[in-house]
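Next come two complexes, and both contain subunit A; in the first it sits with subunit B, in the second with subunit C.
Take a look at the complex of A and B:
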């Protein structure tokens, strides 16, 4: 089975957070944990700039969260989706420490970790993909198999603001902001 | 902090030799050049994903506020709403606001039953009462007031919170109610789009122009004083497609690096309220460099019409040279310009015959330039006057007025003129909610018309007409009766008129789905004015700031709990809003409330009908049936849609009127000339000593006007009012990023969190409009001026001055 992956086009993101909220609505996530988060990056590069990057669990090829978990609660499915078995989770939060993307979220309600499941329940039921990508009004956020996502024009695994991709080999590809002059 | 060995260092994790994503994001400003700019070919995305509805039953409905009217799918299981998704078959996808409405429905903060005030107004003390008691009390009091003071003593607001046909929508049931009541005092003009409406009236003879689905054909986008990445986020996919498919450029004119500006090829930073000076600077370049579409201008506009100044005329060629620079007062009064007429015909100069002839003479090649002696008076074509006025807006003059670098003006004009079809995205822009907002819009229309972009696919000035604004019609669900006229109150001056009891005392205020105390300017004055009002009734979903000042509050259903119709005031589509679940608590629909009140007030018969009867009657003029709508949204307009495609305009001349007879008749300059804002630091220098910063209001992705502030999935992300302030302005006031601050002027003070950012112009600060539905201390409208735009009588909230300081208001 092919590894699944996200695709995120910085040029198409308006920062609307529909992905974040679609995730919450689909998975009935309580207020507090944020399985997906849109970060707004501001800075100055010959003038102020601002971009948004939507990020959840990247279903990494090397899931350091699973390696870090002392109770074996985190596993990788054949399709590459990294899942947390809450019945095994002891709330040690070591996964959160290990993950460079802040993907695992601690639930104060359950005392356990939770995170983006790539909406595998939707994929398994054949009713769509991750709710976040399916809801994106501009198709800035998409999903597919990693080989197809990686083959998209301009796709890159690295963004300058992100941790070194070699740490976890995240199953996400980006289309970075096009250089724009004047 | 996780620890297994007591040292605080986790065991078994990878070495923490990387920086966390969150830390990197937080430090991005400090990292300087580490943006996301990487060269990339930007081809179109290829992965298509499908959305299928889970759940036992999927019910079609639509999002009502004054936004994009997205189609929603309500997923229902066992009588309970379990999920809301956007309809993937609709022309755009619903956003975070629409799909988080499930949290509105099930919010613990909903109004659950009718309540009567048990403390002072605004004190938020209440006593639960029954529906019968609430409605009887209101009806009894209304009858008393009616007997003693007449219909004019009622001031009524039906806003955009639930903007649908059986509620407060345009041509909706709420307006039927107050009509059948015999009338009430209404607002004059409106807060949202008064100036864009007047701009279109002035030059194009009215109408609206919306072509967001056609953006895929545009080759150039000029988002002007407007932020479509937020306010039209669903349609941005079309703009992105135009960029990817044929390299369309996106240029944004805005005082701040808005979400749209951030995605643009060029960001033109401009001082608030000076937009029409930039437009005139661009118009000057079009004339100087011959970049205008001469044939189009001659055929479809009145630029060739001959005018004289006063009785004798004016030696424009000579005296025009002595005119002062742009922004300074002209030595002539443009209102003394007169069209040369022969009977009903306006006259143009026929160069081949060397005489004035009727403009519609077949085969005439009307002169755009020159000066002509006709029957002892001197005439010039309108074009010459436009050119003479614009000639004063040289790049250096425009830079001085607007802050836009002089070298940018010519290049952006060349780009705009050279990329047809070109779209100016106006969309009820913040730039038209300024002291001379109508002139801003007229500037946009001038540019579009001069370059031949009106009436072409993907070109023009994009507003938000929807179905109703672009020729569509529906009936009021309950037909109207004829009432004697009642003088109104200017929409920006509600407070002043209530306090001074102008033009007559108001004894009752009835509010449905309106942010009277979070949208209407100089809000503290309105609260003061409520002291003169005997009865305030508010019907809403939540205890909003406005509801807190009511005497009786009535709990209204959300859109999932009732059947309704959304007939496209902001979308081309007509949509049926089906009921998904039974009303929660004791909430009732606006329609039920108005019907029950109508019964008690003696005119209930017209309202006491089935949904089917009311909706079918409303739909009659559309030719669309309920049966069709059951299957999904219907767009009755031609597709693709090209506003003004026949180049016929509802002006007196039938042409685009650069020389606006409409404005002249209203007593204003008939040709575009820039006027400085009234409330601006370089104009009102005395005020600037106390309140030196220009305040502009922005919109975020989390709200529409004052709606959506009670949805926890949104407040989790957007938690409070945030003021954007430039680092220089922040530093001189000792304000650090994230600090609690107060923003104030003579009208009042609000609290906010400071966001110190170079993305806003030095000397300008920005707050989110409409904030404060929950916490009135954060209500931006408290700061908004209650003067009005002279032509449109519209809102001027973006011509406002404030000061900012550390600390809270209390």
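Take a look at the complex of A and C:
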């Protein structure tokens, strides 16, 4: 099976956080942990800029969380989705240290780690894709197979504000902000 | 730093002290001391027990060895347990009086492998303050410092005629203490030169937020080195022995500060 992936168009995101809400509701994520977060980035590169980046687990091709987990609780499905088996998790939280994207979240309620599951329950049931992408009103956040996502116009694996993609080879591609100053 | 990370401060310091002391005992080529090894085992056991409290579900700690194939933490627990098991066998069974038995050498190999795995856990590209030369340097130096001073302290308490050996160990300990005065500034320089936000935050925590703790650590290290200087200079056996124990005490406190800083300065790359 092909690796699934997210696609995020920086130019389209308005920072409305519908994706965050959809994730919380769909997965009934308790108060505290957030599987998806919208970050606002402000900086200066040949002129001031500000934009939003919506991030969750990137279902990495090299999931360092799974490598670090001592109890084998994190595995990668044939479709590339990285899943946590909470019954095996012992709460060592090595995954949280290893992940460059702050994706694994600790649940104080269960004492286990949890994270974005790419809503595989929706994909497996054939009712749609990740709730976040399906709910995005501007289509800034989309999903598909990695080969199709990577073939989109302007798609890149790197964004200046994000960690070196070579650490984990994240299954996400971005359309970076178009320059307003050229 | 989260409260639970204190269990790792205790765990890493005590187990590294145990590794260092065992290896030092092994290389001293003296008659094996069952009492000395039992003391090392006690320190190691307390350290391993402390590690349990880092887990959200300590009763499921047995699962921590499952991912031996890729997880350095699994490997750490396997080699730590192996070291503890072999050391227990040495204390219980090996009454030969010789230090350099095959079982003792095997224990030493397990001890070093345990330390190596401990270091590798923290070599994470997502954590610039850990993923540096400073982690292997600091962990190994802690093992040597507390190992040498621990053995010297044991000699002070148990062997009235070991003044010469204690002085020899003091020479070695001063060298490893001074080493830390190089590691700290080099680590800070590399963090400040890294340019990434995470590395800069870590450096600022070390010299800003927790600058007092870093200062205290260095002062305690210097106090330890001065105490050892007194050990070398004095001709009075009683003074020498008192200063050896004083050095062990202040160096242990400085290790607590240093390991606190290790966890408190940690900052992930990215957003």
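Observations, loosely collected:
The working rule: the second predicted complex is superposed on the first by the 177 of 182 C-alpha atoms of A that agree within 3 Å, B and C clash if a C-alpha of one lies under 4 Å from a C-alpha of the other, contacts with A are read in each partner's own complex, and residues count from 1 in each chain.
Definition applied: a residue touches a chain if its C-beta (ideal position, glycine included) is under 8 Å from a C-beta of that chain, and two chains touch if they have at least 3 such contacts.
Remember, it's a predicted structure, so these values are computed and weren't measured experimentally.
Of the two partner chains placed by the overlay, subunit B and subunit C both lie in contact with A:64. Legend: residue contacts after superposition of the two complexes on their common chain; A:149 is shown touching subunit B, with no touch to subunit C.
Legend: residue contacts after superposition of the two complexes on their common chain; A:163 is shown touching both subunit B and subunit C.
In the superposed model, A:111 makes contact with subunit C only, not with subunit B.
In the overlay built on the shared chain, the residue A:94 is in contact with subunit B and with subunit C. A simple residue count on subunit A separates subunit B from subunit C, and the partner touching more is B. By the document's definition of touching, of the two partners only subunit C reaches A:72; subunit B does not. Residue overlap on subunit A between its contacts with subunit B in one complex and with subunit C in the other: 39, 41, 53, 55, 64, 67-68, 70, 92-94, 97-98, 100-102, 161-164, 167. Chain contact summary for the complex, subunit B toward subunit A: residues 2, 4, 10-14, 16, 18-22, 24-25, 28-29, 31-43, 45-47, 49-54, 83-86, 88, 92-96, 99-100, 102, 229-230, 233-234, 236-237, 240, 243, 257, 259-260, 262-267, 408, 411, 701-702, 712-714, 716-717, 757-759. Partner subunit A is touched in their complex by these residues of subunit C: 54-57, 60-61, 63-67, 70-74, 77, 121, 124-127, 266, 268-271. The part of subunit A that touches subunit B in the complex is made up of residues 7, 9-12, 14-18, 20-22, 24-26, 31-32, 34, 39, 41-45, 47-51, 53, 55, 64, 67-68, 70, 92-94, 96-98, 100-102, 122, 125-129, 131, 133-139, 142-144, 148-149, 152-154, 156, 159-164, 167, 175-182. Residues of subunit A touching subunit C in their complex: 39, 41, 53, 55, 64, 66-72, 88, 90-94, 97-102, 106, 111-112, 161-164, 167.
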